[in-house]
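Presented sequentially are two complexes of subunit A, the first with subunit B as partner and the second with subunit C.
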Partner chain A sequence: MTTTQTLAAANRSDAPGSKQSRGVRRDGIRRGLVPFGYLSPTVILLLVLMVIPIVMVLSYSVMDNVIMKKNPQFVGFKHYIDILASESFWGAASNTVFFTVVSVVAHLVLGLAFAMMLNSTLLGNRTKAIFRTIYVLPWLFTIAIIAVLWRLLLEPNGVVNYLLMSSGMAGSQIEWLSSPETALFAVTFINIWSGYPFYMTSLLAGLQGIPTELYEAAEVDGANGWQRFMRITLPQLKPIIISMALLDVIWTTQQFALIWMTTGGGPLGTTEMLSTFTYKLAFSKYQFGTASAAAAIVLVISMVLAFFYVRAQKARD
Partner chain B sequence: MRKKYLAGVAAMAAAALALSGCSGGSAPSANATGSGSAAAEAVTLEFAQWWEPELPANALRSLMDQFESENPGIKVKLISGPYASTKEQVVAGAAAGTMSDVVGLDGAWVNDFVKQGSLSNLTDLMKTANFDESQLAAQVQLDGSTWMIPVANFVYPMFVNEDLMKKAGVSATPKNRTEFTAAAAALAKTGNNTAGWVLPLDTGTPNGIQNDVMSWVWASGGSMLKDGKPNLVGNADVKSAMEFIKGMYDAGSIAKGSFTMKEQDKVNEFTNGRVGMMIDSLAHVNLIREQNKDLKFSVAAIPSADGYSGKGALPYASWGIGVANNSKHQAEAFKLVSFLLGKDVNAKICSAAHAFPGNNQAVPDFVNSDPIFKQAFDIYQKSNAINEFTGLPVAEQLMRDFDEQFQKYLAGKQSADDTLAAAQKAWETSFAG
Partner chain C sequence: MLTRVQRRLVAKTALLVALVVGALFAGLPVLWMLSSSFKPNTDIFQYPPRLIPQTFTFDAYTTIFTDPTKVQFFINSYFVSLSVTFLTLLVGVLAAYAFSRFEFPFKSVLNVVIVSVQAVPPITLLIPYFGLIIFLGLYNTYQGLILTYMVFTLPYAIIMMTGYFNTLPRELDEAVKVDGGSSWTALWRVLIPISVPGLVSVGIYTFMIAWNEYLFALTLTKTVEMRTVPIGIQLLMGQHSYEWNQMMSMSILGCIPVLLLFLFFQRYFIGGMTAGAVKN
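Up next is the complex of A and B:
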């Protein structure tokens, strides 16, 4: 009797609309929401810091000088057409390509060379520690300090000219950052100096992860140093090199502070980059619509590079 | 259970994040502490400016404390930063309608903010407050109304390194361009990479065009404008100043590195005794003294064109002040403006900043106690203080446009006439935009 009653009660509670079934459903919904709860901080952050600003910039880029006008009008792709037809934009784009390509290649070569030196068995641990400290120094400075430091070193009365002139390598003061002939090379050099330690430390970690057995086997097979480098070291480091090079291309394309604080885009526009070009449009000409269009073009370029980066990462995984 | 708890915490954090994001974006800068009747009791004014870091420690805050004690119920929150970041902050605030109640202004920004509708009409506020306009040394007006009032003025006379002049055999301070050219050439011949004059033309901060190039035009009674519009093509005054500078540039009398040199570098070159003459703000007198105690220097009027007998001119820059249109406390904001422009308070600010006062009755104490400032004050009283860029649209961009063309001219890539034509074209586009 007791058993029958209990079963009946259980049947009643399972019936649709019953208290227990509502509880089960609520539990199901709650369980379904759990993943969203975990994701929500990231989603909100992405929305606030990425999606909303990007959407705003894209919407600004199709409006007639938004921000400065209370009732901006929709102008379609006018700003994009103006930008792409502007000589200054292509000048800045060409400078950016030179600055980026030379910087990334030099970062890679220097970073790899120093990393291999620090990974070498020919040097003692103490010597390596000293060199590691020296080589990593540029990475410890902020861009503002790097800019001030190099402005002082490269100014006409600076240390570099003093050394060159006193050693007889230069007959007169060289205007490294002020001459249209040398300014782009000078800022590229500063960027190379400030950026190679990132490669060096990452590649050093990569080198330390290569199994020594591979080198031993190659040695047994009679491979010389160059062959070991080409056949073992480089292939083993390839995924790291590709990822870092792509990241470096993205970062260097967007370099603003260093250029602004050393040359401001001058002299005669020889160091004008897409970043300084966009900044001047926004904060000097107050053409926020056109500046947004320029920023959107840079965004598209960065997204293409980011696509390749993600693909490289997936291939690595 | 633990999973659910964690998810709940994450969701709450997200909600807090979203709320803080929202509140950050929409928070009005005109902060009333409390609301309704409570707001009437305690109003907090935000005052954004770049002055506090440039004044001696606590100088501006102690004046604000004085204002608060004289005006119970009004508190002042200082939003301070360097000049460049204050400008960006004010531009962004003007765009978003979240400008601080009272803002420090540069005359070069005024036109754009007025167009944007970000500033309050000070003519109306002065009338409402029965403020006596006659005590003001200057007002920046557009369309017949005042939008900015200069609180402190920094004039730009010529600084002369007396020891270097003596070494170069120059006995008298140059009074005209021929004398200046000769003195600069003599200074450049003294060796040790010494230069006669220094010309900062960095395009990132192109104020060298205003202070170091156009100042020569204004000092000889010339103008770059006609009826408030660009007047560069066929302008003999501007052309002759350009040719005068190019002559010295080609002769090697100007310090090297001009094309990316900033104002700070100019002052460093002079302070280190590597340059004989420079045009610079009086605000840097103390800095120069602190950094090189042995440097003997004086100030003089900017030399005029040969044969010019009219009144000379000194360029100037101002710490201006305005009230944000979005401020909910217009009357209180103007109380702060009128406080800073009062005779005694204005004299205190200008004494601390080593500037000339915005109130024409105020006399800063340094004028009588310091020989260099006394010299400068005498020159100031005999000259017109001119800055034609004040009140122009996108004034900094106008300087940059001219700078880019002027650099091409100095580099020998184009003639003076082509330079003026190209700069005029760029200026007209900016004026039209």
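Up next is the complex of A and C:
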């Protein structure tokens, strides 16, 4: 940016010599360029690593023999038709919907319940601080770590099965992550564990922002706890809840690392998500054309969700 | 009928019980991780399981600290994450300044682009990146990872910092211009020094994104000396034997920077996550 400064200095020094009007016009152009100077690193980065890749993936999706061979051919919407006709795509899509809906609802319920417990006036501040720190723990770990930790806990001869069996809740060792009946529930549970603290902290901040007069007035009117919750707490938190839930839907539909490191989409595709489905098409089967079509479908889904998110954010402002 | 005091006592007991149950749900897995990291690998699945290690050992930690490959995972992660944080703040602040203080053509278009690229799924970008990063000669390099992560961290940084700058009165930078200073001077001498809380929030968020990233680190690096911590942990899951105790100690070591950020900057942590609440 030193160039901007020297440019400015040069401009200033020759301004008196030139005609007044020309000087003003050049000054105006120069000033018009200043914001683009500040923006140029961002624009270049987003152009090269965001706009161009999206154009590339869209063009791959209508081509055959991309990346792997030198002479790609245009095949139109063939890959899209193939994908939409394939059973494994719809399997992955329905797993993703289950995983996302259950995760988001559970995040919200747990996050709100914990936030309200931590906001209670019945307990001292120190007690609440200790519990808040414990409750936030899952947030401190990256998904890769969470995946490894839960693999350890959910091993057939691991501690979860031990606790279930010694308390009589399970008759025999359950292969949580490797049996088709339980794998999807297990990965969803792990995702719930890892994701609720984000809601909890945001909702706690939201709860602390609700004016206490509202509750006092409700108490005077004789409202019970449930009525206060439904009439005051929920409406007051609604904007935060809506934007967080939409953000969470966007993130959860894109979840890759957790699935990849726990089940890899198996067993028998019972935990296959759109992300792992696309990844495998590209990097295990090297069908980059089909994979790009799947990636484009995922992009469209995310953009639709983002549209709702932006609209909710606008409504909030 | 219970008296008011008794009802309060019952409510308080019920709340404490619920809180303890919740704390077990949140904390026990983490406690188990900590305990397993101090066990010899042969004791990981001992029966019955013990929360307090029967044989307490630092073996898992010393193995990691004395293995240059594993130390390298941490060096890579720190280097990449800190670089991403620094560069995102730098580039993001410049763009946010333009958005906050200037009018220019296509401003609203650019704004919509920056908001919406946040929702672009990583998996969509991964396929073209593979070719693009190789083409740019950035495959298996720090630069490749750093630039990639910036694409994901920059939009958020710009949005947050624009919001922050908008809350600062324009008279501040006007005063600099009256004294003959350029907009550049106004940014560095006046706006940035008073924007530290906003920068800290955005910095923490950025660092965490980079520190936790998995998909691109997996695909855009190849050799073991370029791997970051999330990939390094996975590499401990061998074909035949799992070094569970080392995985757990690496997990503990891997959460330390985030834990420290959380302990020292708790206020900014939450501030950074709930948009618009940064300035208090």
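One rule holds in what follows: the second predicted complex is superposed on the first by the 299 of 317 C-alpha atoms of A that agree within 3 Å, B and C clash if a C-alpha of one lies under 4 Å from a C-alpha of the other, contacts with A are read in each partner's own complex, and residues count from 1 in each chain.
Keep in mind that, in the parts below, a residue touches a chain if its C-beta (ideal position, glycine included) is under 8 Å from a C-beta of that chain, and two chains touch if they have at least 3 such contacts.
These numbers come from a predicted model, not from an experiment.
Colleague: Where does A:34 make contact in the superposed view: on subunit B (first), on subunit C (second), on both, or on neither?
Modeller: both
Colleague: Check whether A:90 is in contact with subunit B, with subunit C, with both or with neither, and answer first, second, both or neither.
Modeller: Touch status of A:90: no partner.
Colleague: Considering only touches as defined above, state whether A:229 meets subunit B (first), subunit C (second), both or neither.
Modeller: neither
Colleague: If we overlay the two complexes on their shared chain A, which of subunit B and subunit C does A:45 touch? Say first, second, both or neither.
Modeller: A:45 contacts both subunit B and subunit C.
Colleague: If you stack the two complexes on chain A, which partner ends up touching A:283: first (subunit B), second (subunit C), both, or neither?
Modeller: After superposition on chain A, A:283 lies in contact with both partners, subunit B and subunit C.
Colleague: Looking at the overlay, what does A:153 touch: subunit B (first), subunit C (second), both, or neither?
Modeller: A:153 contacts subunit C only, not subunit B.
Colleague: If you tally the residues of subunit A touched by each partner, is the higher count for subunit B or for subunit C?
Modeller: Residues of subunit A touched, subunit B against subunit C: more for C.
Colleague: Now for A:77: first (subunit B), second (subunit C), both, or neither, which partner does it touch?
Modeller: neither
Colleague: In the superposed view, which residues of subunit A touch subunit B and also subunit C?
Modeller: Dual-contact residues (subunit A): 34-36, 38-39, 41, 43, 45, 48, 67, 155, 157, 260-261, 283, 288.
Colleague: Any idea which subunit A residues touch subunit C in the complex?
Modeller: Of all residues in subunit A, those touching subunit C are 1, 4-5, 8, 32, 34-36, 38-39, 41-43, 45-46, 48-50, 52-54, 56-57, 60, 67, 113-114, 117-118, 120, 122-123, 131, 134-145, 148-150, 152-153, 155, 157-159, 162, 166, 193, 197-198, 201-202, 204-206, 240, 250, 253-254, 256-257, 260-261, 274-275, 278-279, 282-283, 288, 291-292, 295-296, 298-299, 302-303, 305-306, 309-310, 313.
Colleague: Would you mind writing out the residues of subunit B in touch with subunit A in their complex?
Modeller: 3-4, 6-8, 10-11, 13-15, 17-18, 21, 87-88, 91, 95, 112, 115-117, 193, 201-205, 255-261, 265, 269, 274, 394, 396-397, 400, 404, 407-408, 411, 413, 430, 433
Colleague: Looking at the complex, which residues from subunit A come into contact with subunit B?
Modeller: The contact residues of subunit A facing subunit B are 30, 33-41, 43-45, 48, 65, 67-68, 70, 151, 155-157, 173, 175, 177-180, 183, 260-269, 276, 280, 283-288.
Colleague: Using the touch definition from the top, list the residues of subunit C that touch subunit A in their complex.
Modeller: For subunit C paired with subunit A, touching residues are 8, 11-12, 15-16, 18-19, 22-23, 25-27, 29-30, 32-33, 36, 44-45, 47-49, 91-92, 94-95, 97-98, 102-104, 110, 113-132, 147-148, 150-151, 154, 158, 182-184, 211-212, 214-215, 219, 229-231, 233-234, 237, 244, 247-248, 251, 254-255, 258-259, 262, 269-270, 273-275, 277.
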